[in-house]
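Just below sit the structures, each encoded as structure tokens.
Shared chain: chain A. Partners: chain B in the first complex, chain C in the second.
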Partner chain A sequence: MRFDTVIIGGGLSGLVCGIKLQKVGKKCCIVSAGQSALHFSSGAFDILDRLPDGTSVRHPLEGMRHLPSTHPYSRIGQDRMKEYVSATTGFFADCGVPLCGNPLVNSYRLSPTGDFCPAWLSLSDFFLIDEPAVDPGARILIVNIFGYLDFNPAFIAAGLEKSGATCRIIAVKLDEMERLRSNPSEMRATNIAKVLDKDYVRSELVSAVSKELKGESAIIFPAVFGLESDSVISEIRNSFDTKVHFATTMPPSVPGIRTQRKLRKHFESIGGTYLLGDTVDRAELSDDNTVLSVGTVNFGDLKLTADDYVLATGSFFSKGLCASPEKITEPVFGLDVDYVADRKNWYDTDLFATQNYISFGVSVTDDFQAVKDGRPIRNLHAIGSVLGGYNALQEGSGAGTAIMTAFRVADIIIEKEEKR
Partner chain B sequence: MNVQTNNVSENNFEQCIKCTICTVYCPVVPVNPLYPGPKQAGPDGERLRLKKGVFFDEALKYCLNCKRCEVVCPSGVRVGDIIQSARLKYSKHKPSIRDMILASTDLVGSTATKMAPIVNPVVSSKPAKALMDGILKIDHRRTFPAYASETFEHWFRKKAAPLQSAFAKQVGYFHGCYVNYNYPKLGQDFVKIMNAVGYGVSLVDKEKCCGVALISNGMKKTAKKHAAHNTAAIAGLLGRCEAVLSTSSTCTLTIRDEYPHLLGTDNSAIRDGVLLAVKFLYSLVDRGEIRLVFRKDFSMTAAYHAPCHLEKLGWSIFSIGLLKMIPGLKLTVLDSNCCGIAGTYGFKKENYEVSQSIGQPLFEQIRSLSPDVVATDCETCKWQIEMSTGFKVMNPVSILAEALDVEATVEENKKAGR
Partner chain C sequence: MKTVSNDSVYDVIIIGGGATGAGTARDCALRGLKVLLIERHDIATGATGRNHGLLHSGARYAVTDRESAEECIKENMILKKIARHCVEKTDGFFLTLPEDDLGYQKTFIEACRAAGIEAEAVDPKEALIAEPSANPTITGAVRVPDGSVDPFRLTSANIIDAKLHGAHILVYSEVTDFIFDNDRVVGVKVRDHVSGEETNRYGNIIVNAAGIWGAGIVRKAGISINMFPAKGSLLIFGHRVNNVVLNRCRKPANADILVPGDTICVIGTTSDRVPYDTIDDMRVTPEEVDLLLSEGMKLAPSLEHTRIIRAYAGVRPLVAMDDDPSGRNISRGIVLLDHETRDGVKGLISITGGKLMTYRLMAEMATDLVCAKLGVSAKCVTATEPLPGSRNDSPEEISDRMSSVYANPMRSSAGRHGDMAKSISHDTEYDLSLVCECEDVSLGEVEYAIENLDVHNLVDLRRRTRVGMGTCQGELCACRAAGLLAKAHGCASKAVADLRNFMNERWKGMYPVSWGETLRENEYTLWVYAGVCGMNRKSEDKPEAKSECKSKGKSVKKEGNHEI
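Right, the complex of A and B next:
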């Protein structure tokens, strides 16, 4: 089966790259082995919260100047990074995913444990603030759904009260939700959202909360609204005279799943092919290091062929990288992987210290061409968290790298075509 | 080292990292709180069951075996297989007479087709439905599929078989119970297309039901007998055919994957040779080995529903791809939703409400589109959608056959020396 580009991996990076290519008329196929990390999304995107030495970053584009030359942002370069950073909000808006935040300055988001963490851009469900504190005079009502354990209002209240705000916590009991409660292990964000997607349940909730309001200046709900559509979000906001905010829950993430669905739907609506639940398990390379075709588990002897291939398989969690006691490998193409040889230096026994294994990834050129046996593969580029040279967790740069490298590689593939 | 041997699972539950993505996509969880959900019923429960079978929960019977959990799992855990294996291994529930009737598609089908003119009106009559509901607990609101008066096999032997040896290239056909007893027309459409593109068709020797209904009703022993017979018969056929094709997504999945995973039947010699007809046809077109020519006067609007088991196979792209080749067809691909019937599941009185609530989003989307036909590759999806929406449902193979310009296709494939 013939495409212009085959993208292996259907998470944030793969989808952004696919959409950008499909938009200019490139016929793309995304092969995705299961659902992606967007299902655990905090709802915010980070681009660069901290430098490798721990210095916190206010202006991401400034901060990037201090990164090593092998960092994906350094490979993209200042000028292009500036262009991509400014283009992100518009790109997602076109996909039906509204984002908030100033792309040039980091803000703060409210974490599920009540802390204010740095963030770059955020899904519009959530609020971003310039400083890690709220108005000390604020009076906030925190609403939970009775029996829902993946959202802890007491943590959030404690966090907000640090800035002097006054919080009150209530848990609303809803008839329809009680049915769900008979199965406590399934009392999860997405199942609650499916119940709250029903108009009559939502209006029951709104009237219950309205009765409880005692002059509070803001209401905080867990982000369990709008699995299918974000119109539910604005509807809830408009139901109260008071300001309404949503706070991240423990996974699964309702806003993250909605985003994944919207991106996939957008990709398909502009002609892209998305194969879910299939795994690329082999590749055919020519002697001069060009990918000729890839094969999948489900397709059997029917090969996928393309001019260009993009590896967006993610890190260890999604098996983009595989670790054994001796070595770290990339399973689809057997690419070279950059990692430190001595296993003792892969990790730190202090869980909260910087973990080196997170910065391991496939070897690439400055143009993100993947490298195998020391030689770049002409038509294979790697993007997102399968890349090395950055520590997404320590730096707070996971989503940013996914999006920026996807933009860059899409441009490289488009430019290649123009040269031909 | 003290190794706990009881911790070794036949299925790969150890790969589960508890991410809960499976529960997000389970169609049963939102509508039936009695079901513990795929993560709990699957990998979590398996850990306990391996210690001691007493931890088995009969509520696992609410699993539809739709395999959506497996399609979305980022760790490749065979969640559905774990649940179905546990049911087969630990359930104390003996199949009722109702379950046996629903599962014995071969026996019931062969009897019913002989008496179709009597059986069809009786089964659809109100008193019979009330009786079946009261005694057998087969829900009275359910419409039973009509039986054909002549089986597909009978038709094939009489009308088609003598012509097949004229073709240089050959494929086998696993028709399944539905084509044989309920809807021989689909089998006839399949033969028509294959012959038009230059392939002769042979049937599987003494084909038995693939066994899916036996598996889901806990009748493992009979299912294993069917699997052994079919595996050997298909192997024989593959000796002289390029592939053995089916027009049912569920038969295909059962033979390819459920035989080894749930029944322990070694099918490695035949697995890759058993394909859905649409995949085989699409591959031939893709490789330029055949050409399909369609009627210029054909016009239809269709909404395509991908059956759960086809999504698991990952092959809906081939049905969609073939349908898109028809110039006169306006196709909309429906959102990925389960129709709720899941084979014999939805026929059972205790599952009727759940079954219909699961299908609701799909039914609503079909009604809003109001297509000429709904296209889908699964016979039980067809029954469910026809009963619940009133829209006519066709297998993509039948749509292709209807749209095909047979003479021009024969001519084109001969001319090109294909």
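Right, the complex of A and C next:
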């Protein structure tokens, strides 16, 4: 099968790249093994909130000036970063994913453990605030679904009460929800969201909560609404006179999964091919380091060929990178990987300190061309968390890198075509 | 300093909540003594909780240490009766590999039989049918009555029975000094690590059962015991590769025992002398991991491709003979020291050395000496009196009786708590919902443990229920359990801090094996707890809540020492 571009990996980065290419008429194929990081998303995108030396970053574009030259943002360059940062909200809106937040200044989001964490742009379920505190006079009703254990209202309340707010917690028991319990492990966010997608269950919930309201200024629900469509979100908001917010749950993330689905649908609606549940397991390279074709598990002997290939396979969890006791490898192409040799140096003994292994990734040129045996591969670019040179967790730059490098590589592929 | 009034002078104060201390508390309580046990952390957190969980048949010591071998087989048979819910009768094979001398097998079998251990040579082909994971190149196999034992359950059952017989147990309480009346120890000073409070506790006899930490304890009374900490590292695999304990048929060496337990198996151990001042911080090195893996693969080759869940290390309390300050003449046997005759300090004894297998015998010996000193004539009954959990039915019978469509969580809790599982509420679907999906731990079981089994934090809860011990090492269940603890203890900010500590405690066992699936799992954990929850943002980045809890619900703090 012949495409203009084959993208290996259908997470945030692969989808953004695919959509951007497909939009200008490139025939794209995305091969996706299944779940991506969006499935356990916080509901907010981060771009940069801390420098490698620990300095907090309020204005991401300013902060980027202090990053090392091998950082993906530095490879993209300040001018392009500025352009991409401004373009992000519009790009996602076109895909049916409304984002809120000021792209030039970091805000704060509320975490499932009740902390305010820096965030860049957020899905519209959630609220962002300028300072890590809420109005001390706020009176907030926190609502949980009875028996749902992956959302802890007490943690949220403790976090909000730090700024002086008053919180009250209720758990609503819904008949329809109790049926989920016939299986002890069914009380997960996605299953609950499926039940809450039914109109009559939602109205039961709304009337139960309305009766409980005692003049609170805001209501917080767990973000388990709208697996299919975010119209449910605004519907819930419109059902109350009081402000309604949603708070991040432990995984799986309903807003994250909805976003993944929307991006995929948008990609397909503009003509892209999305192969779900398949894995690229081999690649054919020419002597001059050009990718000739890739093969997948499901297609067997039938090869996928393209002018350009994009590696968006993610890091260790997504199997974009593999670690053995001795070395770290990239399994599809056997690309060069930047990492430190002795495994004692891969980790810090404090879980929440900077873990070096998070910054390991495939070696690339300044144009994100992947490198094998020291030589760049002409038509293979790498994007997202398979890249090295940045520590997504220490810097708070995971989603930002996924989106920015996807934009950049799509542009590089488009520019190549124009030159031809 | 708060002193405790005269009515609480104990007959005996036991220092240390490992198997030996717990067993001694039970034995003393069963003989009618007024008992106080003091433990610095939670029960079973020292060497008791950091070994293979092997129910030795004694075969390992048959050739080199006849006395230990005889003690082991006797206690092996006793534990199979009194602690059924803590023990699994797996049997064991002693395998001869091509590189080992097959001639040793004869010596081995003879020594086993002489020590009273059933040992029978099995044709290698038949051994491989009985245990398909064993190395197919074996040239010999001997079957012995090894098994596996859950050291935490065993210690917990002893504690529960001691309490049923009136013993007082203080956890998270550390003995900071002895109280003397001339040449007699009459009590101890205790610091409660939860409340920070200090109290004096008085007793007629003090038993030092603090394992390797015992040398530091008696030093406070001016006494020296020549102890040599020996670090033993082990690896836990994510699957139960073998059903029969696998040993090497040769003189005991490194990494030559593979023990199945619950859904996992454990290879160990290494053995290295370590400085005494490092015993509170045992960390497994990459070199130890490599050795354990390469030797383990010789017993069961499939370990090469089996996921490693964690690495951990314990410290054996080896004691040098009194006439040998160099430590060359080390005993692995039981050491009972009467400090009155040995050091001229009245009212203090030490029970140390030995092994998990002989904890009951050690307790019996210590209690005999306590009774002799107190003039009490009651006899020991711990060799025949079943422990709570093993009194009535077998775990299978219990779970069958509780059975319903939700068999799994019930079977799991019956396995963990024996006949005590009958107290766990599985009445509603809410009780049955799963907190830990890897280990089938229900909400009812978690609430039972929090209510009844002295759970102060998530690590305590893990020891009692296995929450967070499965392949995912606590990814979802830790946060769920933290929510339940917050509810029970009425303090959310403390529960969040506890959750952070718990995830770090899990990491301590994971980083020595952080490659492959373990690294993948950890990356996911980091994305959730550091990324989504923001736990990697340092406290100075945001206003930190001191764990000042308004008195919502019931409080964990109790008056005085932290008694459970």
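Details
Note that in this section the second predicted complex is superposed on the first by the 419 of 420 C-alpha atoms of A that agree within 3 Å, B and C clash if a C-alpha of one lies under 4 Å from a C-alpha of the other, contacts with A are read in each partner's own complex, and residues count from 1 in each chain.
Just so it is clear, a residue touches a chain if its C-beta (ideal position, glycine included) is under 8 Å from a C-beta of that chain, and two chains touch if they have at least 3 such contacts.
Source: prediction; values computed, not measured.
Contacts of A:Ser185 after superposition on the shared chain: both chain B and chain C are touched. Counting residues of chain A touched by each partner, chain B versus chain C, the larger count belongs to C. Contacts of A:Pro132 after superposition on the shared chain: chain C is touched, whereas chain B is not. In the superposition on chain A, A:Phe317 contacts both chain B and chain C. When the two structures are aligned on the shared chain, A:Ser231 is found in touch with neither chain B nor chain C. When the shared chain is aligned, chain C comes close enough to touch A:Gly147, but chain B does not.
Contact with neither chain B nor chain C is seen for A:Ser69 once the two complexes are overlaid on the shared chain. Of the two partner chains placed by the overlay, chain B and chain C both lie in contact with A:Pro251. In the superposition on chain A, A:Phe40 makes contact with both chain B and chain C. Taken together, the two structures place residues 40, 182, 185, 251, 317, 319 of chain A in contact with chain B in one case and with chain C in the other. Of all residues in chain B, only 17, 19-21, 23-25, 29-30, 33-37, 39-40, 70-76, 272, 279, 282-283, 286, 311-315, 317 touch chain A in the complex they form.
Across the interface of their complex, chain B is touched by residues 1-2, 33-36, 39-40, 179-180, 182-183, 185-186, 188, 190-191, 194-195, 251-252, 257, 273, 275-279, 296-302, 317-319 of chain A.
Those residues of chain C lying in contact with chain A across their complex are 283, 286, 289-290, 406, 408-409, 429-430, 432-435, 437, 442-443, 476, 479-480, 482-484, 486-487, 492-493, 495-496, 499-500, 503-504, 506-508, 511, 514-516, 519-520, 523-538, 541-543, 545. Contact residues of chain A toward chain C in the complex are 37, 40-42, 54, 56, 111-118, 132-133, 146-147, 149-150, 152, 154-155, 157-158, 162, 178, 181-182, 184-185, 187, 248, 250-251, 253, 315-317, 319, 322-325, 343-344, 346-347, 349-353, 355, 357-358, 392-394, 398.
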